[in-house]
Amino acid sequence: MSRTAVLDSTDEAVAGIEDGSTVLVGGFGLAGMPFDLIDALIRQGAKDLTIVSNNAGNGDVGLAALLAAGRVRKVLCSFPRQVDSYVFDALYREGKIELEVVPQGNLAERMRAAGAGIGAFYCPTAVGTPLAEGKEVRTIDGRDYLLEYPIKGDYALIAAHRADPMGNLVYRKTARNFGPVMATAATTTVVQVDEVVPLGGLDPEAVVTPSIYVDRIVPVETRHYTVQGAR
Amino acid sequence: MSRTAVLDSTDEAVAGIEDGSTVLVGGFGLAGMPFDLIDALIRQGAKDLTIVSNNAGNGDVGLAALLAAGRVRKVLCSFPRQVDSYVFDALYREGKIELEVVPQGNLAERMRAAGAGIGAFYCPTAVGTPLAEGKEVRTIDGRDYLLEYPIKGDYALIAAHRADPMGNLVYRKTARNFGPVMATAATTTVVQVDEVVPLGGLDPEAVVTPSIYVDRIVPVETRHYTVQGAR
Amino acid sequence: MTTDTTAATRSASAGEAPITVDHPLSMDEVAAVIARDIPAGAFVNLGIGQPTKIADHLPEELGVVLHTENGMLGMGPKAEGAQIDPDLTNAGKVPVTELPGAAYFHHADSFAMMRGGHLDVCVLGAYQVSAHGDLANWHTGKPGDIPAVGGAMDLAIGAKDVYVMMTLFTKSGAPKLVRQCSYPLTGIGCVSRVYTEVATFDLRPHGVHVLETYGITLNELRSRLDVELL
Amino acid sequence: MTTDTTAATRSASAGEAPITVDHPLSMDEVAAVIARDIPAGAFVNLGIGQPTKIADHLPEELGVVLHTENGMLGMGPKAEGAQIDPDLTNAGKVPVTELPGAAYFHHADSFAMMRGGHLDVCVLGAYQVSAHGDLANWHTGKPGDIPAVGGAMDLAIGAKDVYVMMTLFTKSGAPKLVRQCSYPLTGIGCVSRVYTEVATFDLRPHGVHVLETYGITLNELRSRLDVELL
């Protein structure tokens, strides 16, 4: 028996998330967004959250709904501004939410560093740009790099396709995106899945997130989103 | 048509490897060792090589045979000394080969950094040990780290299980080991495979090394090794 | 994989004449010009928006493999009707399809691929490009505008060749190929080529080379741009 | 996943009495003692050599998942006969088997797992351990000896708890639990527990605590070791 908990409800899955937590939220736009977990987090009530996610919400659902509920103090993301990011846009213009824009590759690599025990790394992205301000520069072999630090989460909320009862995960197509990286970077990783298959039901060669990174699993009925803007 | 070359012979696969090249050689002990490519490299004749590999050869085959042929100037590895590493041991004691011992995780992560465009990274391994000598130390959040630089190869010689004609790869069990990392870290990646399957024959969700990292593929008859010491 | 460096552009290898037309190109025609210059077998990222049109001009037999930053190689055309799968989109969140030989990977692996210099070409839009290859395409810098960078800075420094696809002038007629960018930078010295509706420019260490013009003379170009043209 | 921290050792949670026997333990018995202290559901790396024996004492229902540095979680027992597959070995290159729920990954991912602090326990052999948890287990430091570190330094700094399994004295009777290591170090302040044939030690910030003794008195231990025992 592995100690990964397979739970019946999303409410159990998000239990214990404290006010002020840093929460890594999977998804690239709507693909891979853990809608059911976010809805449960809204019911759960944790506030003053720092959210790390690629975007800052679309339409009125998922992350956008969490923002609209006033639970988020700060967003670290690469791309807040989208055609349907009106919830974030309004909060930002009213000064009700902090924003840190992080290049997408840095967002991913900084979370990987947190999961991999790397203390910091020199990265070629953003050299000479406004996003380099305040960062240490070092020239290595004639090329300039910026020093980047890990981004660690208290919790990760992600969506995967299938899990086995130990917590091994596989994803579907480009909905994989940030899930596997966030799973490694958080103290507690919570995963909504389309299906829990029996032990032995996943090919060990094709497991994307090994069980060691997964704490709580909850199967959800359907992934009730379509393409962006269509819901 | 992808530009990955699917070749008929291992001799074509190792053509052009220059004297003085740095060659990343896959395998952990015998598992994943590209024996056929190494045999071809011995026939090809390149000398004064720097070899990056986890071990420094076992018995008289593979890497050990390349060493015995006098082609290797220097070895970077984590674990040269084994029960059957007598070829390396003798060369080393005679002062005929240079050795740089690198912790296994650093070997992997430094090659990953080379493949990922990371200029250098701060790593917790080896702090306070003799292998920290000469390395920059930095304290981050109260913990000490050493600065580690990328290891880049001119060539990688690795073994995989199956390839498609574009160069996508899958591996078998723990023979995967260093192959996927080395494929990203070399200018030219050469792969011996058990089988080339038709295009579409690999599950896109289960590809381990995407085609972009692969330059030359050659199918080999059988993997003619058994367990360590048994050949 | 490595692309065929002996044929830097397909037009050269195939012996096609450069496009020299007497009218400015539509952006779709610009897309075709760029497609013509992408080498066979290249691994290419087309960013979001306008440059994604280039894919329509890449014949299948060319074997160009498209990368999308959200974790895929071997991206196919836009999905239509029943093909639409919310789990399969491009970087612009548009539903796309999968070609045989595709591979999926997570975001850290996808950006390692970019930033490690493995992509042959990426094509991006721009607000401005400087004569020495600086790129400004992520932020207007206007007060009140919400900054959003996405993968632009990673692509700018990662691909072996960064092409820009843009109109040469703003709606008010100001040139976008400039001596120094006034917009916030995305990357420095990273652009190698600029494709516009009136000309294609090669940014070389010693200056800006005009490769082709469309409905404009070189003298006219010189008079409207504040950069030295070779 | 997280292990049950309310039951730091299974002996405590199951109410078993500590082993207190009147003879020094065999190394196989030491392995059993360590196995007893591994929490249910833990992710564990058993290094190479002696500590791999611990696996034989872990009941299946405990749900301990074994990690091997060469790229696997869910490693099963040693392979025998027809099970032997040269593509499936442990870190000691010994053929092993695969359990249901296993996963394979490459070396960078395997060491990211270690170094990121995700393993609950690793058990290593040692030449020496110091009272403040310094570990020496990779190199004798003798002239002419070929250094070989493998994954020892990564494991030493990576696992949440590092246990050492060793004899307490060398063949010539010199203690291996020491004030300061004289052998080249593998890691500093990283060992939390030392299991030997005559006693089990808990290395705490304020000193070395003796948890159990086997065929030796505390006074005898004190007289043979140059470290203060609590």
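Order as written gives the chain letters A, B, C and D; numbering starts at 1 within each chain.
In the analysis below, contacts are C-beta pairs under 8 Å (C-beta built on N, C-alpha and C of every residue); 3 or more make two chains touch, one makes a residue touch a chain.
Which protein is which chain? UniProt says A, B = 3-oxoacid CoA-transferase subunit A; C, D = 3-oxoacid CoA-transferase subunit B.
Because the structure is predicted, anything quoted here is derived from the model rather than measured.
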Target subunit C, source subunit B, minimum contact steps: 1
Chain pair with more C-beta contacts, B-D versus A-D: B-D
Farthest chain (mean CA position) relative to subunit D: C
Intercentroid distance (Cα basis), subunit D paired with subunit A, Å: 35
Separation of mean Cα positions, subunit B and subunit A [Å, integer]: 33
Rounded Å distance, subunit B centre to subunit D centre (Cα mean): 29
Whole-Å gap between the CA centroids of subunit C and subunit D: 54
Overlap residues in subunit C, where contacts from two or more other chains coincide: 98, 104-105, 111-112, 114-115, 157-158
Numbers and ranges of subunit A residues touching at least 2 other chains: 109, 112, 116-118, 123-124, 171-173, 205, 208
Contact pairs between chains, per stated definition: A-B, A-C, A-D, B-C, B-D
Subunit B residues within the subunit A interface of the complex: 109, 113, 116-124, 138, 140-141, 143, 145, 149, 170-173, 203, 205-206, 208
Contact set on subunit B toward subunit D in their complex: 28-32, 54, 78-82, 89, 92-93, 99, 101-109, 111-112, 123-131, 171-181, 208, 223, 225-228
Partner subunit A, residues of subunit D touching it in the complex: 1-4, 40-41, 43, 61-63, 65, 67, 73-74, 98, 100-105, 111-119, 157-158
Complex interface listing, subunit C residues touching subunit A: 68-72, 84-89, 93, 95, 98, 104-108, 110-112, 114-115, 134, 139, 144, 146-154, 157-158, 184-188
Contacting residues of subunit B [partner subunit C, same complex]: 1-4, 112, 114-118, 164-168, 184, 188, 199-200, 202, 204-205, 207, 210-215
